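What follows is a set of structures for review.
Here come two complexes built around chain A, the first alongside chain B, the second alongside chain C.
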Partner chain A sequence: MIRQKSAFAWFLAPALFLYLGFLILPMVASLPLSLFDWSGAGPIRDFLGLDNFAAALRDTAFLEAALHNVWLFVALFLFTNTVSLGLAHLLDRRYALRDVYRAIIFLPYVLSTIAIGFIWQLMLSPSIGILNPMLEAVGLGSLTQVWLGDPQFALWCVIAAFAWQWNALSTVIYLAGLQNVPKELREAAVSDGAGAWQVFRHVTVPALAPSFSTVNVLLVIVAFRAFEIAYVITGPIGAPDGATLLMGVDIYSNAFATSSAASSTTTSMSYAMAQGVLLSITLGILAFGLLSYFGRRERNAR
Partner chain B sequence: MNALSRRRFLQGAGGLLALGMTGGLTACGGGGTSGAEVRKTTAWIYRPEYRKAIDALVAEFAKAHPGIEVDMGYKPLAQYQTMLKTALVGGAAPDTFATNGAAGIWGDTGADNDYILPLTGKIPLDDLHPSVAKAVQYKGEVYGAPVQIFKIGVYYQKPVFEKHGVRPPTTWDELLSVSKTLTEKGVAAWSMPAQDMIMPYFFYHLAVNSIMGAGGYEELATGKRKLTDADLLPAAQLMVDMSKYFNKGYEAVAYAEGKALFAQGKTAMVIGGSSDYSGYLEINPQLNVGFMGFPTPKGGDPAALSGLSMAYVVNKKAARKDDAVAFASWLTGVEAQKVVLANLGLPSRKDVTPEGDDPRSTMMRSILQVAATPAWTDFPTTGGTSTAAYKDGAGIFSGRLSPRQFAQLLQDTIKPE
Partner chain C sequence: MPGDPTARVPPRRRLPAPRSLPGQALLVLACAVVLVPCYFLVLGAFKTVPEFFSSPFSPPQSWGLDNFVEAWDEADLTTAFRNSVLITATSVLLSTACACLAAYAIARMTRGANLLQTLFVAGLVLPTQLIVIAAFVEMRWLGLIGTPWPVIILYAVYGLPLAVLLLTGFFRTLPPQLLEAAAIDGAGAWRQFALIALPLARVPIFTVILLNSVWTWNDFFVPLVFANHESLQTVPLAILNFYGENTTNYGLVFAGVTMSAIPVLAVYILMTRQFIGGVVAGAIKG
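What follows is the complex of A and B.
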């Protein structure tokens, strides 16, 4: 038993070392740095106390970005728990080419997030995008829009790209959950006279509680630390004019400048760190809250 | 752990967090030098698409200095500042590195934070274009070896102008009327990618300089004039008035995409620099374009912007300082500058001029003939205007910022000398 534990520890050590060294340690170290004035290069300047945090909470661009992250979370939450769950349900049945459909649904998760950003940018670009020509080709020309140039649509386009990618993993997790629901339970409910909806509501959903926990806690993390897809599609300032700016992109821009053509003298790593700490705290609270909520539901379901 | 090392540790760890938080951009170590017998010196360049030209420069340097091997690292432009900053803080920066403009001389990856070595006495200042010679100097020392200069003005499609019977505009009124005529004839008059606000910033900069004239920079730098002065506000208004002639969805179009649209002949005009021409030709070898200065409010000589496009600086912690300095200073010599002219853009030396009759040489000659005013991005006094425009300036197109507010946004970053 002791030998087995020792083996586990050895297997765990490399991942733990990387996790501590590249995530936990920098995170802890960023807290003191966020109390100073530091551009990200050169000497650390004056002690500012909590000024960076106060400035972040007054920064309208950051607050609007936070609101966009909230929208992203809400939209993904609704999408995941309807479309992804529905897809998982469909993929759980037996029919021809089912495995091909499963592979297609999972494909976006295998693609790099940068590639996904480029794919969506190429679809929606005002000048070279293929969506508008396709709409015109099928007689839906009246629906064409300047998708990424119009603040009314741009954020939803970015959210759609995130949903497309996120749908892959959430569907697979739900599918795995569905496959673990004992067939006998469903059959017993049916023989007791329950309809399809009642079986789903009273048998499947409670049995899926662990999957709900996993998917929705991961979803919080995905939605609030979202960066790459948005950065590729709408750039460093969340074009048009911040309409698609997310917290991750704003933090990156403040840390490293919006453009390589920009003078880097106006960047502030310490301010970006204060924003990062605020984001981490928010994420921690939300993830912990959701874990507690779904944990209670899981215990009740048992 | 003493105070100094603790601070270094915190800096490095903090940098790692910011990278991790935002999705896994990888800090890229430049690597140090190898063994002494090899005499390898490391260097970085921020544009992989310059590879052909830079490889030619490195090969030419190797011929002149057989004992030194330059190990060039090609880094993507979008991540260059991030990589460089992280490498400098982490002590992993290359021996020499290219600066994108003059901010690398005086900015926080430059002399202000003591990252780069003075090259005073090793750069032939008298042989350089005066504006560039000025741009590489900071606080009494020379810090950069300028490789090429830029001239930014307006490229236009000659066949499109001829087809629709319009001539290159020389006044703002003509600029508006030519743009209107082309738009009415179904031509997208302008490529104006505004996703990152780089091109709109230069449009505004050109418009302001067209009001102020050649001496305008000094007045701005000394605080005699402000961007919010009544006579300069029309520059921001012009950008708003012109926006109806910009390409569809310009607010969300990326910089490279906007340039590609022009190169493909899909738009009639674009704000562009001397080094852009090679890129246009790569996309469309048949391209037939002209280059002009920016029209002036009431007539007069249209002028372009001129400044430092790229310089090499030497890392103060370079393992082989002598070899790094030798490479950097060689770049300003006649041989290197001829390679720059043949492959890259406008050389920084006055005595290296385009001579051939090929389209590239002809274009470079015509660009050189256009009058020029200093670019704000060359100087610490006014360099912050670009960052302000890139980060917050898009509001001028959405209506969040009035022309006055846009001008104020940029003016607030100017630190009069």
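What follows is the complex of A and C.
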């Protein structure tokens, strides 16, 4: 057995080398780097202590971006726990077209974020898009907008694209959860005289606790790490005028984009790292908070 | 296995189900919401620019492949596809190989297994932006900027959490007696792994390769940071840059996007069930 243990160390070595060397080490190193004044190229200048963090917490562009991430989470939370859950419920039966419906509903998950971003941007375009003509065709011409050009609507358009993408995974997770709910449980409830809604509310929902936990933790991660779709649709400054800026996009722009117009004047690597550390802390607290909350509820449900 | 309809045993007594007409209608509506944008994309790939304005809904006047040919040349998709294939293949093989070894060790260890697993799973939670930016500093320090290695290494690293998670889960289900029997016959840890455990893990290994390949193929954040030269571009990045240069040539952009999606769609259509099953398993264990 002793020989086995030393063999296991060799088994672990390549993966640990890659993982520690290229994920954990740079991640940990970013913490001290965020305490300095460093543009990203050239020498590391003065030690600033927590100044970068203080600046980030006073940076209105970053704080507004954080608020946009919160709205993204709230919208995704409401959307998946109604629409995706409902779709999963509708798919939780065997019938001819079930697998076809499921394959189509899951499709957005395999499309690249580039494709999703372009499709949404051009569908919503006031010149060549199809949303405005569609509204006109059904007699709702008064609702046509410039969508992504209007600061009032742009963020919600971007959020809709995220919802379109993540409905796919949320629905199949809920579907898998529903299929693990013991049939006898529901049948017993029915024979006790419970209606469809009561069965759903008092039998299905409690039994779905693990799926709620999975989906909602996933959504926290999705909403606070969000970058790609927003970057494709509205670019590095969250056009128009920062209305769709997300934290991830702001961090990227501060680290690399030379013309980070909407954001603060400090365009530097160390500042972006400080923002990144703040984002990591937020994400960590939310993800582990939710996990332990759902973990408790799961235990109570048993 | 979740999502496998055959897993549900057939006495098909159903609960009172409102799934008949309104249910079907809602599902058709949901599918339409998914398919209309895709329809818009694919039709657009064949259209000329004036057609976008004159007839937004109708099919293109000709189904010629001019847009595809032109987009392929102008966006230099030959280079981009070659880069994407090489980067995806190398990084997925590297991370799958490392993950197989690590997952087997974690599954068979008694002490420290949970700690190691938590360490790898944490990678699924960390914000991509910070770890990529921090890795950029490290890669420049190593002098690797301007080579394809940063992208390959980082994709291999970012593929590890899911791979370790899924494969550890599988190796834990192997009966220990199987491996003990081999040990009695004199097989060391390496031979137990290579001759017994690995061949049994073909299906989960395939799932891991499938999921990580699609993710790597589609991602553009890592190359956005590292592929600072046209010769290093992957397909998504080439399309993004192409769009930046041809903002109003919609037909070409759509043709480019369509071509970038074809390989993934082909894989998805051929292997829908494995794909959905694997994604769900990964999400639930994460």
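FYI, the second predicted complex is superposed on the first by the 267 of 302 C-alpha atoms of A that agree within 3 Å, B and C clash if a C-alpha of one lies under 4 Å from a C-alpha of the other, contacts with A are read in each partner's own complex, and residues count from 1 in each chain.
Note that in this section a residue touches a chain if its C-beta (ideal position, glycine included) is under 8 Å from a C-beta of that chain, and two chains touch if they have at least 3 such contacts.
Note that the coordinates shown come from a computational prediction; the quantities given were computed from them, not determined experimentally.
Superposition of the two structures on chain A leads chain B and chain C into a clash.
By the touch criterion defined above, A:I251 reaches both chain B and chain C. By the document's definition of touching, of the two partners only chain C reaches A:V172; chain B does not. Annotation for chain A, partner touching more residues between chain B and chain C: C.
After overlaying the two complexes on the shared chain, residue contacts for A:P43 are found with chain B alone; chain C is out of touch. Touch criterion met: A:R93 reaches chain C, while chain B stays clear of it. By the touch criterion defined above, A:P26 lies against chain B and chain C together after alignment on the C-alpha atoms of chain A.
In the superposition on chain A, contact of A:M269 is made with both chain B and chain C.
In the superposition on chain A, A:G295 contacts neither chain B nor chain C. In the superposition on chain A, A:P206 makes contact with neither chain B nor chain C. Contact with chain B, but none with chain C, is seen for A:G149 once the two complexes are overlaid on the shared chain.
Contacts of chain A with chain B, set against its contacts with chain C after fitting on chain A, overlap at residues 22-23, 25-27, 29-30, 33, 40, 113, 127-128, 225, 227-228, 248, 251-252, 255-256, 269, 272-273, 276, 279-280. Across the interface of their complex, chain A is touched by residues 2-3, 5, 7-8, 12-19, 23, 26-27, 30-31, 33-38, 40-41, 44, 52-53, 56-57, 94-95, 97-99, 101-102, 104-106, 108-109, 116, 119-120, 123-131, 133-138, 153-154, 156-158, 160, 164, 188-190, 193, 214, 217-221, 225, 236, 239-240, 243, 250, 253-254, 257, 260-261, 264-265, 268, 272-273, 275-276, 279-280, 283-284, 286 of chain C.
Per the touch definition, chain A reaches chain B in the complex via residues 22-23, 25-27, 29-30, 32-33, 38-44, 61, 113, 121, 125-128, 146-151, 154, 225, 227-228, 231, 234-237, 239-243, 248-249, 251-253, 255-267, 269-270, 272-273, 276, 279-280.
Residues 3-5, 7-9, 11-12, 14-16, 18-19, 22-27, 29-30, 33, 40, 83, 86-87, 90-91, 93-95, 97-99, 101-115, 118-120, 122-123, 127-130, 133, 164, 169, 172-173, 175-176, 179-180, 183, 186-187, 190, 196, 199, 210-211, 214, 218, 221, 224-225, 227-228, 232, 247-248, 251-252, 255-256, 269, 272-273, 276-277, 279-280, 283-284, 287 of chain A are the ones touching chain C in the complex. Chain contact summary for the complex, chain B toward chain A: residues 7, 9-11, 13-18, 20-24, 46, 77-82, 85, 88-89, 100-101, 103, 106-109, 112-115, 194-198, 247-254, 257, 261, 266, 377, 380, 383-384, 386-388, 390-392, 394-395, 397-398, 400, 413.
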